[in-house]
Amino acid sequence: MIKRRKKIIRPRLSVNIAGMELRNPVMPASGTFGYGEEYAPYLDLNSLGAIVTKGLSLHPKAGNRTPRICETVSGMLNAIGLQNVGVDVFIKHKMPFLEQFDTPVIVNFFGNTQDEYAAVAERLDAISGVRALEMNISCPNVKHGGIVFGTDPKAISSVVRQVRKKTSKPLIVKLTPNVTDIQVTAKAAEDAGADALSLINTLTGMSVDVKTRRPRLANTIGGLSGPAIRPIAVRLVHQVVQAVSIPVIGIGGITRAMDALEFLIVGAKAVQVGTANFVDPHAMATILNELEDFCLAEGIDDINDLIGSLEV
Amino acid sequence: MKNHKTIVLSNQEISPGYYRMRILAPDYNKLARPGQFVMFRVQRSLPPLLRRPFGIFRVGFMPADCDTMPPKEFIEIIYKVVGSGTEIMQGLHYGDPVELLGPLGQGFEFGEADEEKILVGGGIGLVPLYMLAEKMIDHSKVRLLMGGRTRDDIITVTEFERLGVETYVSTEDGSLGEAGLVTQVLEKKLQENNQVSVYACGPMPMIEAVEKICSAHRTPLQVSLEALMACGVGACLGCVVKGAGHTQEQPSYLCTCKVGPVFHARQLAWGSDDDAAASDCGVCR
Amino acid sequence: MIKRRKKIIRPRLSVNIAGMELRNPVMPASGTFGYGEEYAPYLDLNSLGAIVTKGLSLHPKAGNRTPRICETVSGMLNAIGLQNVGVDVFIKHKMPFLEQFDTPVIVNFFGNTQDEYAAVAERLDAISGVRALEMNISCPNVKHGGIVFGTDPKAISSVVRQVRKKTSKPLIVKLTPNVTDIQVTAKAAEDAGADALSLINTLTGMSVDVKTRRPRLANTIGGLSGPAIRPIAVRLVHQVVQAVSIPVIGIGGITRAMDALEFLIVGAKAVQVGTANFVDPHAMATILNELEDFCLAEGIDDINDLIGSLEV
Amino acid sequence: MKNHKTIVLSNQEISPGYYRMRILAPDYNKLARPGQFVMFRVQRSLPPLLRRPFGIFRVGFMPADCDTMPPKEFIEIIYKVVGSGTEIMQGLHYGDPVELLGPLGQGFEFGEADEEKILVGGGIGLVPLYMLAEKMIDHSKVRLLMGGRTRDDIITVTEFERLGVETYVSTEDGSLGEAGLVTQVLEKKLQENNQVSVYACGPMPMIEAVEKICSAHRTPLQVSLEALMACGVGACLGCVVKGAGHTQEQPSYLCTCKVGPVFHARQLAWGSDDDAAASDCGVCR
């Protein structure tokens, strides 16, 4: 046997999104990783591309009644109701923990009125440890009959514009998949000043307990996530990448590197891992290892060469 | 708190529909406290998607395969086959690869030494009480009141007796022990002596009845609850129960996986007519 | 042992949809059961509530290039491209086979222009063996920039109105799930004269072969079906039932009676079984047996008592 | 054509990554024709969702478990582990419940008696040729040209030889038989004698090369194709290949599951530059 001399060069995994240099394109999806500390015993937070927090609102939010979750075929429904400690408690009690790490902190936030969105953004803008904001627009606009902001291009335009004024940090707008034409909502967000887009949030779903004849969720309707939704998410990311020129972060049913690669190949610059964290707290670490192995096997030196490399 | 990729050591039916599984689990003898649980998963099996929570029945050591090796650490869980996940578990054998996330949650507090302890277990709710009894039996008198629908639901009572626990068994259909509810026995015991601590785990209606009795007698009570769980570590917020003082206006939700699964009764909201604790979630058996 | 004397009364499974009395609420979904003859060796077609044919167009259609299908997690993508023999060949060569059975034949059809829709409907209206029409509106309107008819309430209104004029047979309009607000499209179809609605058609999805970096379907994008989509379908049916007063047929990921029951409980009067036929050609027979068992076990004499019995 | 709920009789690795599975299959001895296939599924297993198509390697009888019972009918399939479905199959044992839909599709036509037959098999493509050889060997001289990448891909050649088939083996890396492509051997044979019938099954590039050679020599050719299949019975239209005379304007698509999987070469469109047959579907190995 000849002794191999070739030095194995580790592929470059870092990506740049809206001016942020991330050490790799893998980060958790909001609401599936708590405030970071919950998974710190299981995963080196310094190995991630970024940390994305649970969605925050101006005031603490108690969330929905139980049951709040149920398993479906290769997926789960949740109607947590955006329970969170509120932006102030977050800044005071959760940020210090996150600041220990050398990983960009992306704070997810939402509101039920434009002003609430703007107010949260403004507070977060003042916090140096917050590297970027991710704006969840899958919330009902209570001032407009409860229509979800993210399904109405005009509402998107208006709320993103207002938030944009309040922060100079990178602003990621997180799109809802429950729309007829995602290219329209994506463009509305881009035009209103988003620096990047992330998608998809959960698909609206429902499940019934046929014995009791009651919905399995107290809230009747919830958000579907997990591997079941991946083909829909890949399609939507593919469509959005073609419609906008800002970077896109792909989300939806990612459990392995192979899944993440689908999103990267259609053009996502990074991915978020959600439900898979529940199934396996090491999921993101495994994905990162597998991504590196894939690049080595395929002779890819820089993951950026892979991004958007779809051949149609 | 770790995720172990490990293997099944044994898996046996101990009563119709109830299985006892022994799993290789390094460090659990040191780490696990009575009342804690694990999030269990069969490696590479989909479905089910999510892990399943199970109380730790006991921890232990067994001889290694050869003399030069240290003894093998294990945990045992006892589960009832109720749905897709437990059906798959039923078919597991020695050597099958599984994953354990744990030990998770807060365990029981042991209370005063010498004071009498009453454990109330309903069906599979008995599981977390065994380790508790093991720890307390040296300092306190421990009684177990064990209830179930039929005699098939009365499991591992001999194990408790072997520890020296005085056990009372009742079944709803009278097929084993006394006919009736375990709560009737509790009521009688507390009338005799309320200077005890009560520890309860079982179906929600039983737990609620136990709470009523204990609060009437001003007897301290710890309960172990079940809730639907996705993550088991406090990240998804799926598993919450209502905390004491919860109102529509000032809601207070506690994570069963992190603050619980064992709660002091005083930590929780009881008897509110809408969705008190997890009682209306249809998952409490 | 005492000999049981109690006669077991079989529950009544028949339902009435738009004037059609169906012996039970279970029928195949269009495009997953060919023209009936493909599954006749495996299943007694006389046991079904109805037979629903592959979608027909005015002229024969060759369909898309291959690969046309791929498996996804608990689902499949298809981009068959509506390959069909055309309405005339169907009437001449496929109807005679179907007329042998004592089961209502529902013919699914589509067009790429309003006039095509109307022309197919007119021909089918003349055929006595055709019991009802199911109109697939998930097709691009070539005269209007290829926007899918079923995503635009105005287009729905217009095309359904035109078809309505051409047929006095029961007209079922099959809705697409790829819309922001299904209640709007459902009402548009109802107001334009639909006698019943069926939903859901497939969700748009995509999958990528990460080794070749090509889409797994020659058509890039395809329709997602199978168990993965069931929670989305149940939610949409739930919403539509609340918005319209005509009967609704539930479709999406049904493989067992438990699945069918979710749709019936939220208010569907019947269900269609699609992808499950591929997995198990006896699927519908099994579902019917299980439905009967469920009714017996739960003491339900008439399946109509179950329909819409959701307790919220 | 029936769906059998049946069981696995045996399942053995016969070469690295290749397995041979025997399945209890009543009536298949009477019904199955060489070249037909089954849609296979593990009962109650999800994933995978869809059934998997496999050619029938052979049919047979084995002694019953006791004297008073009729012998057991079986089929054998040979499969290569390539993805999620075949990985699960790999782990099956005697008694595991499986389902077979079949026998499906059109088989081979046997051609003239006495005329020489050349079977060309590439890797797993050998599978459907065995039953064909069995049927033809009494009336015709049968040769097998068997190719593969390495010697691991050369399977069941001894079985063919035992039938009396003259076999030539070549591997691309020369690890077994001659080094080179099996098509080079075919070319030589047809130059010697083109009054033969050729039957081919294997990866699409091999089949296309065989077609070129046969059409040059005007030798009749039947090919067995693979395609992605959902239903196997002609209902989903997922498995089509382009028929002879296919054009963009006048497309002609034939179902591999129903019109095939065995086609006369003249039924198909060859060498069209876009997606000739199923060649660009990335599934033909």
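List of remarks:
A, B, C and D are the chain letters, set down in written order, and residue numbers restart from 1 in every chain.
The definition used in the following text is that a residue touches a chain if its C-beta (ideal position, glycine included) is under 8 Å from a C-beta of that chain, and two chains touch if they have at least 3 such contacts.
Model, not experiment: these values are computed from the prediction.
The fewest steps needed to get from chain A to chain D, moving only between touching chains, is 2. Considering every other chain in turn, none proves to be in contact with both chain A and chain C.
Averaged Cα coordinates give chain A a centre that lies 35 Å from the centre of chain B.
Rounded to a whole number, the gap between the C-alpha centres of chain B and chain C is 46 angstrom. Computed from the mean C-alpha positions, the centre of chain B lies at a distance of 55 Å from the centre of chain D.
Looking at chain A, one finds that residues 73-75, 212, 214, 227 touch two or more other chains.
Multi-chain contact residues, meaning those touching two or more other chains, occur in chain B at positions 46-47. Per the touch definition, chain D reaches chain C in the complex via residues 1-3, 41, 46-51, 99, 101, 227-241, 251-253, 274-275, 278, 280-283. Residue ranges of chain A in contact with chain B, taken from their complex: 31-34, 38-39, 41-42, 54, 62-63, 65-71, 73-76, 78, 80, 83, 209, 212, 214, 216, 218, 226-227, 275, 277-282. Interface residues of chain A, counted against chain C in their complex, comprise 72-75, 77, 151, 178-181, 203-208, 210, 212-215, 220-221, 224, 227-232, 234-235, 238, 253, 258, 261-262, 265-266, 294, 298, 309-312.
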